[in-house]
Structure formats: C-alpha cells, structure tokens
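Paired with chain B in one complex and with chain C in the other, chain A is shared by the two complexes that follow.
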Partner chain A sequence: MVKTDQTKAKLKQIGIKLAKDIGAGKNPTLDVPIRALSNVAYDPKTKLIMLGDKTAKRFFFNVAHVRKFVQTVEVAATAKELLDVDKHLSLREVFYRINRTLPGTNINIVDEQEESNKAIEDLELITNASREQLHINANKMGSVVGKVVIKDKGDLVDWSKLGSGGWAIPSNVEDIEFVKVNAKFIIYMEKAAEWERLHEDKVWEKLNCIIMCSQGQATRGVRRLLQRMHIEHKLPIYVLVDGDPWGVYIYSVLKYGSISLAHISERLAIPGARFLGLSADDVEKYDLKRHIIKFEDVDKARLEQISKYEWFKNNKEWQRQFDMWRKLGGKVELAALSSKGISFISDKYIPDKIRNKEFLD
Partner chain B sequence: MVKTDQTKAKLKQIGIKLAKDIGAGKNPTLDVPIRALSNVAYDPKTKLIMLGDKTAKRFFFNVAHVRKFVQTVEVAATAKELLDVDKHLSLREVFYRINRTLPGTNINIVDEQEESNKAIEDLELITNASREQLHINANKMGSVVGKVVIKDKGDLVDWSKLGSGGWAIPSNVEDIEFVKVNAKFIIYMEKAAEWERLHEDKVWEKLNCIIMCSQGQATRGVRRLLQRMHIEHKLPIYVLVDGDPWGVYIYSVLKYGSISLAHISERLAIPGARFLGLSADDVEKYDLKRHIIKFEDVDKARLEQISKYEWFKNNKEWQRQFDMWRKLGGKVELAALSSKGISFISDKYIPDKIRNKEFLD
Partner chain C sequence: MAKTDSVKTAETMAGALREISVAEFFEKNRHLLGFDNPAKALLTVVKEAVDNSIDACEEARILPDIVVIVKEPREVFRITDESGVEIGMITKVGDKLELRIGDETAKFIEKKEPRKTESVYIFEHGDNTYKFRVMKKEIKKENGTPAISEVYEFVRGRTELRISKQPADRFSIIVEDNGPGIVKEHIPRVFGKLLYGSKFMGGKQSRGQQGIGISASVLYSQLTAGKPAIIHSRTAANKPVYMYHLRIDTTKNEPIIVEEKSFKEPPPLDGQKPVMTEHGVRFEVEVEGKWIQRYHSVEEYIKQTAISNPYANITFVKPDGEICKFERVTKELPPLPKSIKPHPHGVEMGALERMLKLTDSRTLAGFLSNDFSRIGPGTAMQICKLSNLKPSLKPKDVDHEQLERLWRTLQSFAFMKPPMDCLSPMGEERMIEGLKKEYKLDFVTAVSRSPAVYRGMPFLIEVGVGYGGELKDNEPAKILRFANRVPLLYQAASCATTKAVQKIDWRHYGLDVSGNMPIGPAIIAIHMASVWIPYISEAKEAIAPYPVIVKEIKLALQDCMRKLQRYISGKRQREVAAQRASLFEKYIPEVAEAISKISDVPKEKLQTGLVNILKKGQIIFEDEKAEDENGTKPVQTALAKKSEE
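So, the complex of A and B:
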C-alpha cells in the first residue's frame, strides 16, 4: 500500500509543520489552493477542467480564518485516524465524527455538513490526495458485468458469473486489482433499466465488452472505476444516455470533469470517453420523432448553457447536434427504442453504432 | 417454470374470454378488482394492508371504459409476448412498446406513462400475478452480502465472496434459487453508507447474518428478496433506519405493505419484520441529544399521520416512541453514532441490540 503510506506521510507533514509554527512562536498557517471560478480553467491540451495554481494562506490567529483552519485540521486528524486503522467513513459520518462543542464555550467545530465537506475538499488540495485516498467515501451506486476478474478485499470476483444482478460497485475503488480483463470496451449508461435490458440480452457476451451503470449523474466510484480501466487497460469508454441536454451533461462531466471537482479532474475525468447515443441523428435514422417529449424551459436553458461550454463551442459536430436538438424541440429517451422491438437496442442499435464507429468525440 | 406457465395460461384465458364475447356478439368485458381507498383495509389477522373483494366490470363498448379497456388488453399482449420470449421490460419501456397511434385516427393507445402503469396494476389484479411475474420490472437498486449461495441465470453466486461491493440486487428476484443459506437473520438498512460501514466492519461475519440495503424506500426487488428469505428460510428481518418519521414509514411499508400496492401485499409485505433502530430510547441511552436535527413542519405532520395508522394507534410501545419523538422535537440519524467511534454502530450498538432483543414489533 505505497499510496496509503504516501497519504499518511502527507497528513503527518501537515501536523509537523503546524507544530513547528507553534514551537517557533509563529502564527500557524496552511497553504490552500483557491477553489473559485477565478482559479478554474479548461485546458485544451489535457482536455480537462483544471484548477490553477493560485493558493491562499489560512492563518490560525485570524478571526476570519480560524474556523476553517480548525475544521481542516480536524478533518486531517480524522483522515489520519482512518488510514491508521484502515477504515473508511462517509461524508456524513465525518461530519458527526468531528462535531463537538469546544470545552467552556458554546462553539461547535461544525454546525452544518457543508462545512466539513468544504474542509475535506481543502484537504484533498493540500495533500494532493483524493477523498477516497483519505478514506472518506462518497455514495455507493451502480452495477457492472463483463469478462473481468478482480481481486478486492481478498476475494476474487468474476464479473461474468454474477447472475442477473452483477457486481455492486462500491463507493471506493482505489484498492481493487484487475486480475484478468478480457473485454474490448466499456459501455457506461445512466439508467439501471437500460443496463438490465443489455444484461438480459447478453450484450457484454456478444460484443465482448463490459456494461456499467449508476443512476443519473455517475458516482465518483463509477467514474474512478471507468477511468482506471480506461488508463490501466486501454479500454475505450462509450457513454449511452438519453437524447437530451442532461444526457450530454452526464457525458461532459465524465469526459472533461466539472467545475466543482476541478481539483480532482486528473483522478476522475476521462478525456478519451466517447458519446454513443442517443444522438439527434438517431431520432431521424430510427424514426423516433413520435416519441419526442417537448423541452421544458429548463431543458432549453440547459441546452444553451451546454452549447457554450468551451470544449463544445468550437466543436462543429457537437454544434450540429445542438442545432438539430433545437429544431427537434424535445428530448428522446433510450427507452423509446423499445417501440422497435423488445431487444432492438441490444440486437441492432448498439452493434450497428459500434461497428460503424458512429460516436461523437 | 410452473409459475410462468400459470401466468401465461391466465393471460391466454383473458384473450379467449374476450374472443368468446366477440364471437357471441356480446359487449366484451373485463372484471377488474377496485383499487380505491374504499376497497383497501388493514387486516389485523394477517397484519397486512389488503385489497377487498369489490370488482368492477369494464366494457369495450362504453366511451368511459374503452380507453382503459384497450390499454389493459395491450399490456396483457405485451406481457404474453415477454413471457413467450422469456425477456423483461421496465415500466418505461412497456409504455413505449404499446405507444402507437390507432390507424386512421389521431388517438394514441397511451399518452402518459401513468396510463400504462395503471393498466399494468390492473393486469396484476386480473391475473393475480405480480408485475415481476408478468416480466415487467421495477427499479434496480441495492446491495447484499452474507453467507448465502444463490443460483441465478445459471451462475452460482456466493454472497460472502464479493469484495467490498457485494451483489447488486436485480429488479426481479422471482427466479433466484437459494442453494445454501448459512445465516441467522437479516439486517436491512435504508442507506448504502451504513451498509458499507457494516460491511467494512465484517458485521455479517461476526454476527453470522446477511446485510442488505437499497436507498431510501426499499425497491420492490429488495422487498421481495427479503420476504422470500423470511418465508423460505425463516430468517428474522431487522430494519435499521434513521430515527425519524420517514424511517418509521420505511419500516411500516416493509412490514405491513402500502395502500397503493395493497393488491400485492401478500407478495411484498413482511408482517414478521422488526424495528432495530434508531429508537427514541437510543437517543437517551447513547447520549445523542446534541445530534438532534429539529423537525420541520413536514416532519411533524408525518409523525402525526404515522402515529394514527391503524397498526400503530393501539400499539402502546409505538405510541410511547411517538410521544418521545414529540418531546425530542427532532430526528437523529444513524450516522450520528460515528461520534462515539468509527465502528461504534458495528461493534457495540447492533450487537447489544440483537443480544438484548431490543427491537420494536
């Protein structure tokens, strides 16, 4: 566990640094990279939304800083404790773990979970370790099947022999070892219902791929699992979402990262991910016009917002898509493909798209 | 697959009956049990919310009936098709599958998914088969681990050898075979974060039990899986939820069923389920008062509503709980137990409660 040792060492360094400050009679300080829009930018070279290198000093003896200062140190101590005993806590549990009243006062270390969450994000920046490496877990969600054998917590798990359910993806996938990967690509989809469709139709066996889902926006565990398999096993990632601005947004976050998690893009984003569908062209090609669900105002606003994203605004192919969606005036769900046949999506739609390389980049 | 054959036979009977009506020049009719509050009651003997035996006749030649009549027949035809090819669809996919315009008119079979959903519920009543037996699936969600081996789709799956993720529970668990069950009880919890806590602490190994979760309200797949193991393997079910009216509601639905699904209580509800926590007594006993989150008006209203449920209103122990919650004036989350120690819930809270049989019935 070299990674764990490194993270522990970083946490220890923070403590040693602060102790030195105190010993030298100096005002204890932490250098915290700034997580504001002013310090976030899209980097066309790496194709990632990245945090800039601006940092701010946080002082203990400063009424405006002390609360955040103490919260960050408390969270660091909790992370150190978790790494020492090799256990994990959720964000909510960390909030409760550090939530106490300072003796002789009526001041609580934290009043809202938002405060401990922010402190954890700051700690990610200070240590350059992800929340997961600090043993603080996000939501657990999602399923996966395919010809892959992993080793996790001492168990060998064969993702191709798990019945109709598949493997439940944990919130933290840092320590998983890939023992055998016998697949050519991964299809990630936003909906569990689509996943069950593809699994029942044995798409992963027929196309020799992996199928994975969470629900709506992909969880951090799912994003990291996709990224690790993409990097470590060179597996192409194809994203299958509904034909609407929200589906494109899910794809965009998977591929380029997000502003709120810009500091962790390198550990979560997958610049090589591709959009498999549902595209505006599919609506014509597969005769789905009668299944268009009219855009609400909020959908239209989202579409305009996304079309102006830096990574989309000079992309001709995507601008063509956005124009077509504007003309169609509504969204089309993947489930609408059921109107063509129970297994149309598995037997025709996906195999054709993969064979003809019909994806957007 | 005797059950499948029976369901197919029932669907066929509907078609034969309607064909006979038509052949005899009669107005085709369907007898549909009434799913209104007037026909729903709590049965203290079975401890289930059950549908009464009132039925209504639905006529084809009746402008008020014809739309629902046709929708029900369309859904029956789709279920028959699914059973014939041994495939499943989600509710959303069924909506799209039957959604077409009647030739020569501008009338659609269905305009909203609500219509096909209602038709499916009616079909459950007419055939006395659950939606799952009709091969129409609900949401997929949830994870499980424990010393259990199942057979599903030809795979032998050992729930004790699945690393940190566990088995992903499918939406439909009708065809799962329990090959080996070596556990004394099941703990069901509403939150995946708690499940990961208990799994990391190996609670299922130490207490020789099964741990299962979905997210919030239990999915039908989870409820049915719990019920099957409770009935087929006599496993006690302990429900672990946050200390608030919503937690009690989750417990209530698991145990007694719900009004909207009263017609299917016998296939989903678990009258023997017990409430493990978090109870109002726990707040005192484990010194959790500082973690009380004040009730909003909506929480208070929910508490009053639940305290008047027929199955709670004459239950002294539950009324005592409701009184204590009223006095506490707020909710307490299970995650608050983290303040006592990272694994306090696993090492102390749960083992003590089980050992001392501290559960509510």
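So, the complex of A and C:
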C-alpha cells in the first residue's frame, strides 16, 4: 500500500506541475526521459543497458508534441483513477478507455494501441513507476511448468500439477510468493511449440528443471519472473531460441535489457542468463545444413546490427558465431531438430548440451 | 501587260477628282476611329463623352460628377404564329404602343392595369381583338442583385400567339457632367466639326489627343440614326443653360444648327438628378449599337473608369433600368499636368517641317531654343553647327535638304531627358483605392515607377495588383489597361501591357500560367501616363509596344508581384497557424479535464488558463518525429523555438 501511495503522489505531483505552468501562463511541459539509442548506454560493470539522464521537453502548445502530450496526460488520468479505486486495466483496455474523437473533428486521441502503449511507457519514465505499479497490466503471454509451488493472491499453485497448459504467467508477478522451489535450472524458450514438446517429454521431470516460454519477445511478466527466480533461488537460466539474429536478440534482451525498457533494466534484465541454442556450431554438429533457410536482406542487416552491439562487439565467442552464421548464409529453426527424431530435442540435444556445458555467455 | 481599248488621260482622270467629304472619309475609316461594329461603336460614343467630361473637370479642378444613361429609345416585338410566320409587329416608344398587322396599323382601344405589375393593351383590327400583356417579375441576376424582368403575352381572340422582343439595335446615350461647361459660341464647332479642339499638339497629358472623338460620335449618330445630337451647356449658376440640336454638314465639315434654345435650369434628365446645376455639359445622341456584357462592354468601361478615377462620382443607368453608382472614395484630384514643348527626340520630320513653318522665331537658333524643351541658346548654336546650317537662317527658308540634316542632328544629339512635371500619375494610393473600391480583395498593392522616356516623350508606368477576395482561383487573372486613366478594352493582344505581362514568369510568383498569361485570383491594373500615348491606331485601343515601355511595365509588374508574393507566403503561414490554433482549441477541453483529474485543480481554471496561453500565440512549430528519434535534438530545438518567440 505504501507503494501505491507513492505512485499516487507522483502522479499528483505531475498534475500540480502542469497546473502551475498553466497558471503562470507558460506552455505546459512534461519532462520525458528520452528512450533512444542516444540515451542508453551499456554498463559493462553491471552488464545492463541503462537509461541515460537526457530528457526531452514535451510541450502541449507544440504542433509536433500535442498529440503525445495529450495521450500521456490521458494515460496519467486513467492510472490515477485506477489507483484510486484499486482496479487494474489491461493495455488494450487502457487504449479503449482513453480513445475518443475530439468533438467537431476527425481526430482521435489515439488511433492504435501502439500509441497508448508508448504513452504508458512514457508515463513509467516520468513517474519512475512501473506499468504494474500504475495498475496497468499486459496480456498473459507465457507458460511455465516445473516442480514449484507458489502463492498467488492467497491461492497455492503447484506448477507441476496443471496438466498440459502449465501455469499461465500473469503480467504482474511482484506479489507472487515462492513457497517451494525444487529445480536446478530454468530453460526459457522462444516458442510455445518447443515448450509443448519439452512438456510432453517431461523434460522438467527428467532433468529436474523449470521450463518457461512466452511467444516471441519475452513479456515483462516472464522476464520479471525469470529474474526473481534467478536472484531469489539462484537458478541458472538457459535460453533456447531459433538459430537466427532474431533469436539472438531475444537472448540479448533477456540478458542485458532493451532500449525501450532501459529504465527498468534493473528489474528485468538477467546478466547471468546463458545461450543454450541453437548455435552455429549445432548446425555442423547435428547435421542441420540441409534445413538452412536462406537469409533475407532484413535478416542480414539485423545480424550486422546485433554483431555491433557493444556487449557482443568484444565477445570473441559471439563474433565467431556471427561469422559462422554469415558463412552459413541462413537460419535454422529449433523445430528442425525434429528431423533427427520426435523427441530428439528432449532426449539428446538439451541433456547433452547441459551436461557438456555447451552454452554461450 | 494587257492592252486596253481606251487609254485614260490625265484630263479625264482629273475630272473624277473631287474633295472627299468627311462623311465618306468616316465611312471608309470608321474602324480607325472605333466604330467598326455596333457593339464597339456604342462603347466608343460613351467613352469619348466620358473622357471629355473627366478631362474638362480635372482641368477646371472640379471633382467630377458624371451621369451616364444608356437606354433603348424604342422596343420592337415580333409576333408570329405557330409555324413562325410573321403576323405583325409592336413598336413601343416610351409609353406609346403601335401594333401593325401586315402593313396596316391596328386601332388602339384601351390600356388596362389589372394590378401594379401588369399592363394590358387592347387593339382591334378587322374582326379581331388583340391583347398585349406585359407582366413585371422580380428576378435575381447572376450576381445576386434583384432586378425586374418583363414577361410578354400576345393573344388574338382566344389564340395565344408567339411574341418575342427583338434585340435592341438603337440606343440613346446621355452623358452629363458638372464640368466647367462650354461657352455658347464654341458649342457648335466642338461637337459639329471634326478635328476641332484644344488638344491637338497640346504637349500636355490628357485623355483625348486629337479632338476627333466626340464629333465623330455626332457624325456616327447622324449616319446611323439620322438624328441630331442634343447638347446642353452651362458655364455658371447665374447663366442660362444653352441647348443646341446639331448636325454636321458632311461635305464642308461644318456644324449645322438645327435648333437653339436656352433654359433657366437644366431640363429633366430621364429620372436622374441633373449634375449640371451650376455648370456642366449634357451630351445626348441616338446611335445604332449593340448592348453586350463583360469584357468589351460599356459597363466594364465605366467600372474601370471608376477604378482609374477614384475621385469621380459616376452614376450609370443601364438599358434595363438598373442604376449602378460608382462612388467617389477620395476628394483629391491628381495634380494638373504642365504643358511642355516637344523634346527634339520626339519630333518627326514632317512635324519639324510644320513647326518651322508656324514658328514666330525669326532665326533658326531662336526657333530651336524657343520651340523645344532641353535646347538652350548654346545648344541651339551647337546644333546649327553640327547640321552645317547658319544660325541666322530664317526658319521658313529651310529647304528640304537642310530640313533633313537638321532632323538627323536632332535625333542623334544627346539631349537632357525631357522634363517630367508634365506627367500626372495616378499615384500608388489612388490606384489602391480605385481597385479596392470596385473589387473585394484580400490584398492590394501598387507601384509607381519614376518617369522614363520613349522617343523624346516622357512617360510613366504604374501597376496595381489585387489578390484574393471575390476573385476566382482557376480563372485567368484580370488585366486592366489604362492610358492616361482611360480604360483600354480592345486589342489587348497587340498592346504593350500584354507584351510585358507575357514576359513575366508568373509561376515564380505563385500564379499558374496558360498561354503565357497568369491564372489565379489576381487583378492587375497597368497605367501609362504620357503627354503622348503611342496608340497603335486612332481608335486608341492599344499602346504600341516600344521596348522601353514594355520594359518599364515589366519592372513595375515584377515589383508589385514581389510584394504580392510576400503577402501570399505570409498568408499561407497565417492559414497554417490558424489551423494549428484551432487544433489546440479542440484539444484544450480534453487536456484540461485530464490534468484536472491528476492535479485536483478545477477544470474550468485550467481551461481558461490554456485558452489565454493560446491567445498569446505561444505555439511551437516543429517537424513531426523530432521528439523521440533523435535524442537530444528536440530539447535544443524546442528551447530554441521558445526563445525565438
């Protein structure tokens, strides 16, 4: 409750500041920390992508700013309301909540959810409170299974007894209590299909681990949950993604954080995460060459971009990987491993890799 | 060469030689004088009379009050049956009607007026009764002004026949002014003799130049309508109004006085208030003519005259009875131009010969220094020397060969430019006033150039440009041409003004172009003031395109257009600003509500505060995207913009 009061106070503080601007006949402004490559830096010590202290002034009476200014203020008003009545809204619901047409025009406050999402992220930066603290939730987009018992809103949940779907990870995992954790490590994978494969093969039971996935880029709830378990229970995190630049990027975000969420890197990033696969070496080792899907131009460009990231730039092992991918000239999906046998990934690939400590840092 | 049967001798040919009458000359050369077709002739008559009136007023330093009435002296209706066979005619003169059936005149029985807007005329002829019904209806004209339109019906017994009004082919023209009037003795010659007047070789800027126009109108009237011209004149309030009915003796070119009268007060002026209450002239003729609309119309001429003479009050009554008033907007008359002696560069050999014959000077040197501007005694001696002529030579004794030598020297010698005080420009302000008063415009500007010289004649170009307002976007820009304040309506294509207009790259100034002419919501008025306007023909319809004249016009146009361009770009900015301001206006209630929710400050207070800020105009214009993508840039630009404002 203390936290909620703090958030409320911050919101009010912003409102008072704007009202003062207006009272003084000044163009009302919001100071928004800049979320751009130019204002984030990789801190080699903490191994995190951190937000710089540059801020941009967002004016109301500015043709280029007015729309975003109004969106931000609208989102703030919505958050204030949510905090006051102690309810939550999803991102989508917030979009609908603030969306309306200006009377006498064809201008909508927001046209796409993307806009309200951005405004919410900006509000996080301005208030230094997370989305969850503002009572705005993302969609549940992740599953987990393993020998873990947690307490969520008073309910005890045993992750190993939830059938084929596992436990759906909520967007806000702050208040979850770990009652019992019986696992040696966590495997996080990019795709639900692989997770289902591993679940069906009872990998979590056989290897005594936790398997977790979201769809594509890891959601905040998933990242926060991974981070908490990594810190609170010292569980190593292994990342299993497709063998392509996009997969590497997912790993990179999990480990170091992202530009757009640089302001909460400390609460999301897991510098200790390891890359399990699929590596360029695996292509040779498991004879997957015939499953290579040729790179498109965008893939090549992305590969070059990623290879120049500060945290990969001086990493010899990773540079060797990137060179190999360049030579291979294409990507290989995890699903390609099924060509070796239905449960090849569960019975052979993962156990071997873990046993031989074949992962990249 | 074919052999002819009878060889004409000089004697037989001499027998055929005779003096050609002015009437014959006029008939053969009417196109030169502006009478080539009925529409143009009607305009020329009005124009000559109005130009004379304004000239006279200006010279007498009187603010002109002018009444122009054009009316149909008679109306003709044609009656036909179903198959279009003509049955009869109605002629209406004033309130009198005559119905002719075949060759016979029907008997008028009575006139009934069942209601105010309806008159019925009843006739009898043979066994039939004829009814002619005239109904007045209120209509709206194209420009939205209400007007009265008449509807006609014609019935024989109970059969309705077709009746149609014939387009008028005759017009009465009355022009009255409050000018100084003309002394009684001069009236017959001024109006009844061609090439008589004070203006010929006057060396002074004026509207008329040769003293041919008004008497040509009288002659035209006589030849086409067969009626005398009626002139009223009064020179002072305590003097009578003299009236003359005049004809021209076409063989002798002398006036014939048909009737002569005097009145204490001016007779009624066809329903209008006479303006010659103290002094002035009324000129009235009936001519063959055609009433047309738009470009070459009398109405257009009067409107343009009102623009170029904003110190004149003009009342114009059209044939349909509509009264147009062009009000005076300034009481300032243009300065009276001074007379100048000819500049040596502007004199043709023939004119030089005539001047030598007519001069009072007894020596060639005296002639040169007395009769020309910019030739002093010293220069005169120099000219004589250069021409290898004795300064003491008598001007009348100069022979042809000597004349030619003298003329060549005069042409090649570098004289000072002619004096410029002989010019009376409209002035930038009067030009702007004039345009503003006849057109609703968003922006008007004008440029008066300094005087320049063509062939020894000083001249001056002025250009006025109006933009926006009632002018349409996709139509050719309207171009008004004036020479010594007289609108020029015909022969635009060969005029110096048009040549100059075509030399401008209008796109450069934000207008479209079609066939080298500007398209867009602009009106361009070009005025040339000069002691002698080099017209292409005696009809005074177009200015001859001397390169220096075209160049001066072009420079004036460019100057004006630069000003307009600044206005247009400013206007676009203002429009964008207004659009943006309205955008903020729309956002204010929303943002006030939201901030009120966060801050618990009442919404109304925030809303008023924001509206006040908007009124102060603290709006920042900036490219989209600037904020998030380029890190530090937006901070700088936003602050920079702020400090600018």
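One rule holds for everything that comes next: the second predicted complex is superposed on the first by the 262 of 361 C-alpha atoms of A that agree within 3 Å, B and C clash if a C-alpha of one lies under 4 Å from a C-alpha of the other, contacts with A are read in each partner's own complex, and residues count from 1 in each chain.
Criterion: a residue touches a chain if its C-beta (ideal position, glycine included) is under 8 Å from a C-beta of that chain, and two chains touch if they have at least 3 such contacts.
Everything numeric here is computed off the predicted structure, so don't read it as measured data.
Contact with chain B, but none with chain C, is seen for A:157 once the two complexes are overlaid on the shared chain. Once the two complexes are laid over each other on the shared chain, residue contacts for A:178 go to neither chain B nor chain C. In the superposition on chain A, A:165 makes contact with chain B only, while chain C stays out of contact range. Partner contacting the larger number of chain A residues, of chain B and chain C: B. In the superposition on chain A, contact of A:339 is made with chain B only, not with chain C.
Contacts of A:81 after superposition on the shared chain: both chain B and chain C are touched. Shared interface residues of chain A, touching chain B in one complex and chain C in the other, are 81. Contact residues on chain C toward chain A in their complex (touch as defined above): 580, 583-584, 586-587, 589-591, 593-601, 605-606, 609-610, 612-614, 616, 618-632, 634-635, 638-639, 642.
Residues of chain A touching chain C in their complex: 11-12, 14-16, 18-19, 22-23, 25-28, 32, 34-39, 54-66, 68-70, 73-74, 76-77, 80-81, 102-105, 107, 109.
Residues 81-82, 85, 87-90, 92-97, 99-101, 137, 139-144, 150-157, 161-172, 175-176, 192-193, 195-197, 200-201, 215, 290-291, 333, 335-339, 342-343 of chain B touch chain A in their complex.
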